[in-house]
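Scroll down for the structure; my scribbles are underneath it.
Chain IDs A, B, C and D follow the sequence of writing; residue 1 opens each chain.
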Amino acid sequence: MTRTVNVGVLGATGTVGQRFIVLLSSHPYFKIHALGASSRSAGQKYREATRWKQPVPIPESVSDVIVRECKASEFEGCDIVFSGLDSDVAGDIEKAFRAAELAVFSNAGNYRRDPTVPLCVPLVNPSHLEILPHQRSLQSPPLKKGCIVTNANCSTTGLSIPLHALEKAFGPLETVMVTTMQAISGAGYPGVSSLDILDNVVPLIGGEEEKMEWELSKILGGYSSKSKQFDLHATSPMKVSAMCNRVPVLDGHLECASVRFIQQPPPSIEEIKKALSSFTCEAQTLGCPSAPKQAIYVHEEPDRPQPRLDRYFQNGSGVNVGRIRPCPVLDVKFVVLVNNVSIGAATSSIINAEYAVAKNII
Amino acid sequence: MTRTVNVGVLGATGTVGQRFIVLLSSHPYFKIHALGASSRSAGQKYREATRWKQPVPIPESVSDVIVRECKASEFEGCDIVFSGLDSDVAGDIEKAFRAAELAVFSNAGNYRRDPTVPLCVPLVNPSHLEILPHQRSLQSPPLKKGCIVTNANCSTTGLSIPLHALEKAFGPLETVMVTTMQAISGAGYPGVSSLDILDNVVPLIGGEEEKMEWELSKILGGYSSKSKQFDLHATSPMKVSAMCNRVPVLDGHLECASVRFIQQPPPSIEEIKKALSSFTCEAQTLGCPSAPKQAIYVHEEPDRPQPRLDRYFQNGSGVNVGRIRPCPVLDVKFVVLVNNVSIGAATSSIINAEYAVAKNII
Amino acid sequence: MTRTVNVGVLGATGTVGQRFIVLLSSHPYFKIHALGASSRSAGQKYREATRWKQPVPIPESVSDVIVRECKASEFEGCDIVFSGLDSDVAGDIEKAFRAAELAVFSNAGNYRRDPTVPLCVPLVNPSHLEILPHQRSLQSPPLKKGCIVTNANCSTTGLSIPLHALEKAFGPLETVMVTTMQAISGAGYPGVSSLDILDNVVPLIGGEEEKMEWELSKILGGYSSKSKQFDLHATSPMKVSAMCNRVPVLDGHLECASVRFIQQPPPSIEEIKKALSSFTCEAQTLGCPSAPKQAIYVHEEPDRPQPRLDRYFQNGSGVNVGRIRPCPVLDVKFVVLVNNVSIGAATSSIINAEYAVAKNII
Amino acid sequence: MTRTVNVGVLGATGTVGQRFIVLLSSHPYFKIHALGASSRSAGQKYREATRWKQPVPIPESVSDVIVRECKASEFEGCDIVFSGLDSDVAGDIEKAFRAAELAVFSNAGNYRRDPTVPLCVPLVNPSHLEILPHQRSLQSPPLKKGCIVTNANCSTTGLSIPLHALEKAFGPLETVMVTTMQAISGAGYPGVSSLDILDNVVPLIGGEEEKMEWELSKILGGYSSKSKQFDLHATSPMKVSAMCNRVPVLDGHLECASVRFIQQPPPSIEEIKKALSSFTCEAQTLGCPSAPKQAIYVHEEPDRPQPRLDRYFQNGSGVNVGRIRPCPVLDVKFVVLVNNVSIGAATSSIINAEYAVAKNII
């Protein structure tokens, strides 16, 4: 891969935008060409416009870049834009960028339920990008390159990867129950007040349970190139129940899951461990540079994964699974750790775009 | 109730012992008569022997009391001893105290599975104390007053109260799934290293899941005065699956539970709320002074209960339940908060003893 | 004291307002008569207008009270109003309430530097209330009862109490150096973002160092009834240097202080301990009901005071001092703990008002 | 530098030992040859003997290495050993290793006050290694290569670097006052109980204040090659007062310091900033691979440095300074952040050894 692809970042001054910038600043072929933020920030140098909150300094290459408004005309020369926009503005802006023939890879939730927009976890269902020609054809005028691709909610992403590996190995799941313990960084900045979370757990994240219960079906379901539709796991309805909590952890969502397979008797614990450990995906075989070497790391230690110790494994691009054991109610229960700011957010968008580049979809 | 009952505290210098002392020092009729700890502490003044970690000062009435060894001969004049002993020493000491005709109300786990020892959550099954004459009769020589009564594990206690209220109102449960987020105080002092829990969640508490899965059946099950046996919920086997986590919270275990009733269709959400809110128990009607005015407080706010805001309600003697809503997999899901150092520990022992006194069982 | 005094609370829905309500709802003679908040909240029931964040439930007596706008006409029947207003609105509102002949006891900082407004730490300089007749005489038209009294910044309050006790016993101080570690509740709600403070310390609290360095001189200085002026410690200039930090603690500011006396040789460590322990103030001798029994608790344990263990002592109305030892640079160094939400805020205003009532100043 | 130097690690299973291993496993010329731990661990594979607590996986190169006892005979083939031993065993073991002609670079405190042992902060006074021939000559029999070199206490290290830069530029300091807010990792594992530090600050770290007050004089003082003595800053006595606190931060000690120069008037704030920013040291000019590119990073942002955001800068090998401003009492005050597990511990030992190698001292 030697060609360089110019990219832009929308919402560049926010926390997701900052993550995009950290990751893209050392990317082998994506090159940051333009940064967009609110009109209040536009015109300023990036380092002055942002309140940088990453544990590494602002990359020198963007430090003095002048921030632009999030208008497509300001992003000429870009092939791809990554959107870290807040959902209250993402809808209109992303649509306008698509109309201007830009490929938008968005972390915002606005278009996840759009029946023509792929909702892609890059280690699971990047093949859903097949719908893009159809999406383009429906715009007026029809588009050649413009498109919107979304990645999933952070907690959904983490769970979808082992669930997909299990379905790939052992057939469809019938039931999924999950309780999450989610990091504060999932709420953005300023996000969660310290008075609400220090020495505390908040047993509600607005809309999160509904997102997990719905998005899983789109991600784990199929895409019919004939009907040009996502089937939402319809061939085998899957019951999902999620209970979502906010905990005083900076990064890394921990999820306690229990599942039942349709196929009975279910696979053994050893078979499950092996299926998860050996799971590989197309983003890896295609050589996407941001894809993890190992998609799922299976821990044998009895008290892992833990957010603080395991969230940085492979720069947060894979998921950690541990405590795989029989469930007295369903078939098997286990613990998943997903780095919500990496594969749970910006990293997913970037691998989705790498996949699209590798497959010549954009 | 005007008679005074002399009580002792075993393991008085530990964290559970400190809680017993705080609660007993202002008790209307239990009067602290003797404090026991390890031989290393014996002979010292209490304030010198303990590393006091409570957010209130050491009660003056015990500050200069000389700590004794945990030998029954040192506890003459006591009718009841409360045991906050560690499980590695509790077994032998509690047995010796029982043999010396003392009524032992223990927070330790050693005898919870003993078929002749009641495992009592005082808001649920204090009627299991009926077994005490049988327990006494089996000792050699048979005892007149000596006995051992245990309270349950802290996370089990919290869940058992709403589950009992549901079973009382709507008949037996078929399935219970629970994921806990447990406070560090549950591990005693020094307990959890700060390096293990700051900015972290640990998805394992050794033995805790097994305790929850087993103890619930004894607590929620019946006692046959005829066969002199606990039935372990045998008339209607109940599947229980627990996933236990340690979170950076000082006090208060939060538990995300989902249940299915045997009776179908299940009760409505409103019926469940009403059954929980209006639940009362014998410890209340008997006027046990440490029993909560309201056993179960049902929150209507969407983001409650929370450990920091709700753990001190009624001095921690009741439980909080919130987010009662349908479960896409089982019937209904909800969140429970139990104050693990109050009703989850010392307060339970004390109410159990109050109940026994009120019923003239001891 | 049997007369009842009707009081109002301004900014009743904020965190300081909530504290006023908790304290006043069980006050022996102050009776909550009216609650004021922004026009957005006015007209609603208090429990609906506020996001209650206290670890005790909303007092029943105010739960259904209709919130009013912060206009003096809405507070007829009140003698006193306690102000927990934010400083961006406190200036105009408090002035208007004073003009309407209400006695305003304010926790806001707006008038602290006004040369006619007393800045009172009730355990230190309530005698500064002597200026009120002068303050009233300067208004046009001159007032009979209306006045503004402020209490100090929370970290200043905590330090001023032991410093005053030292000056009372050993004469004026020449130098004070202090480094604070301040709780997040000092910043109000939502206040500090959890992303800024979890696993972190922020070495800046905007304006706080300047407040400490200046307010101490007004509080510890005298008031001349002849010139009707505060002397700002002018008879003996005192150098003060403050370094202020935010730490991940919920309540309780810890302050490491070192001081030098003018009088040399300085008092011994034992003399200092005795002077602090035995310090009493007029708010105590007058029997102000919210004054602490002991103004300064001196710890002998080597590792105290600590915020979590000592902040609730005497319901937060006194201060804790510990680690009193020689300083290799100045004379003596020690650690102070002040409960920033009690004596550091609402409790100060209330004792100031109790003092004014007891002295018939209002 | 192409030669490879075989090194051993003593106390390899502890937290400091784990840090040595992470740093050495990717070192350009130090090669881990032997790992030593207690006899209880000896004979086991490293990954089984240690409870790995680093946020990166165990380096593969040491994972299966068999741990040895800390006996010099087991470390044949090593030129250097790095000691992360606890102080209760470090004294005898390090002495024995020196006697066996090994160069010991120790993080333990046992020999810091030995008048023949250099106490080296590598960015400050590695020239103190000049004493090593003298140290060797005093052993019986005199040694050729064996020696002990210590690095300083973590909080002392952090402060010594900017203080040295200031003295280098502006002459000796007369007074230093410092209040520290130290991370829990400074206490090792399990170290600080979570019950002691969550939502809390502990205003005592046993012995730490004395260490800071004494060690600074040895580090900042000179070495006379004539008298073969450290002068402990004797030519210009420096008063130091330290107040040390433990805060709920994982890594990174923050220190609020204020200093007075002997030379008056003192340098301006701008001169000080420039002197700190431009400070370079011999470890840098010699090309020691673990030395930071920039020894002192001066922050202009008003609220920096912060532990969580700045501790990883340059992999923790330099220090961060911010908030440089005039002090109303002394001359200038500022905030220092030192990564206590990097330059405050293992990294210092490694750079000291790199310096010794570069200078052919060992």
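The criterion applied here is as follows: contacts are C-beta pairs under 8 Å (C-beta built on N, C-alpha and C of every residue); 3 or more make two chains touch, one makes a residue touch a chain.
Just so you know, these numbers come straight off a predicted model, no measurement behind them.
Chemist: Using each chain's Cα centroid, which is most distant from the centroid of subunit D?
Modeler: Most remote chain from subunit D, centroid-wise, comes out as B.
Chemist: Please work out which of B-D and B-C is bridged by more C-beta pairs in contact, and write that pair.
Modeler: B-D
Chemist: Provide the C-alpha centroid distance between subunit B and subunit C, rounded to the nearest whole angstrom.
Modeler: Comparing mean C-alpha positions, subunit C is 41 Å from subunit B.
Chemist: Which whole number of Å gives the spacing of the CA centres of subunit B and subunit D?
Modeler: Roughly 48 Å separates the two chain centres.
Chemist: Would you mind listing the residues of subunit A that make contact with two or more other chains?
Modeler: As it turns out, subunit A has residues touching two or more other chains at 53, 198-199, 248, 250, 308-309.
Chemist: Can you check the complex and tell me which residues of subunit D touch subunit A?
Modeler: Those in contact with subunit A are residues 53-57, 198-199, 250, 308-313.
Chemist: Write out the stretch or stretches of subunit C touching subunit A in their complex.
Modeler: Those in contact with subunit A are residues 15, 53, 184-185, 189-199, 248, 250.
Chemist: Once bound in the complex, which stretches of subunit D touch subunit C?
Modeler: Subunit D residues touching subunit C: 175-177, 179, 181, 198-204, 213, 239-241, 243, 245, 247-250, 254, 256, 258, 302-309, 322-323, 327-330, 333, 335.
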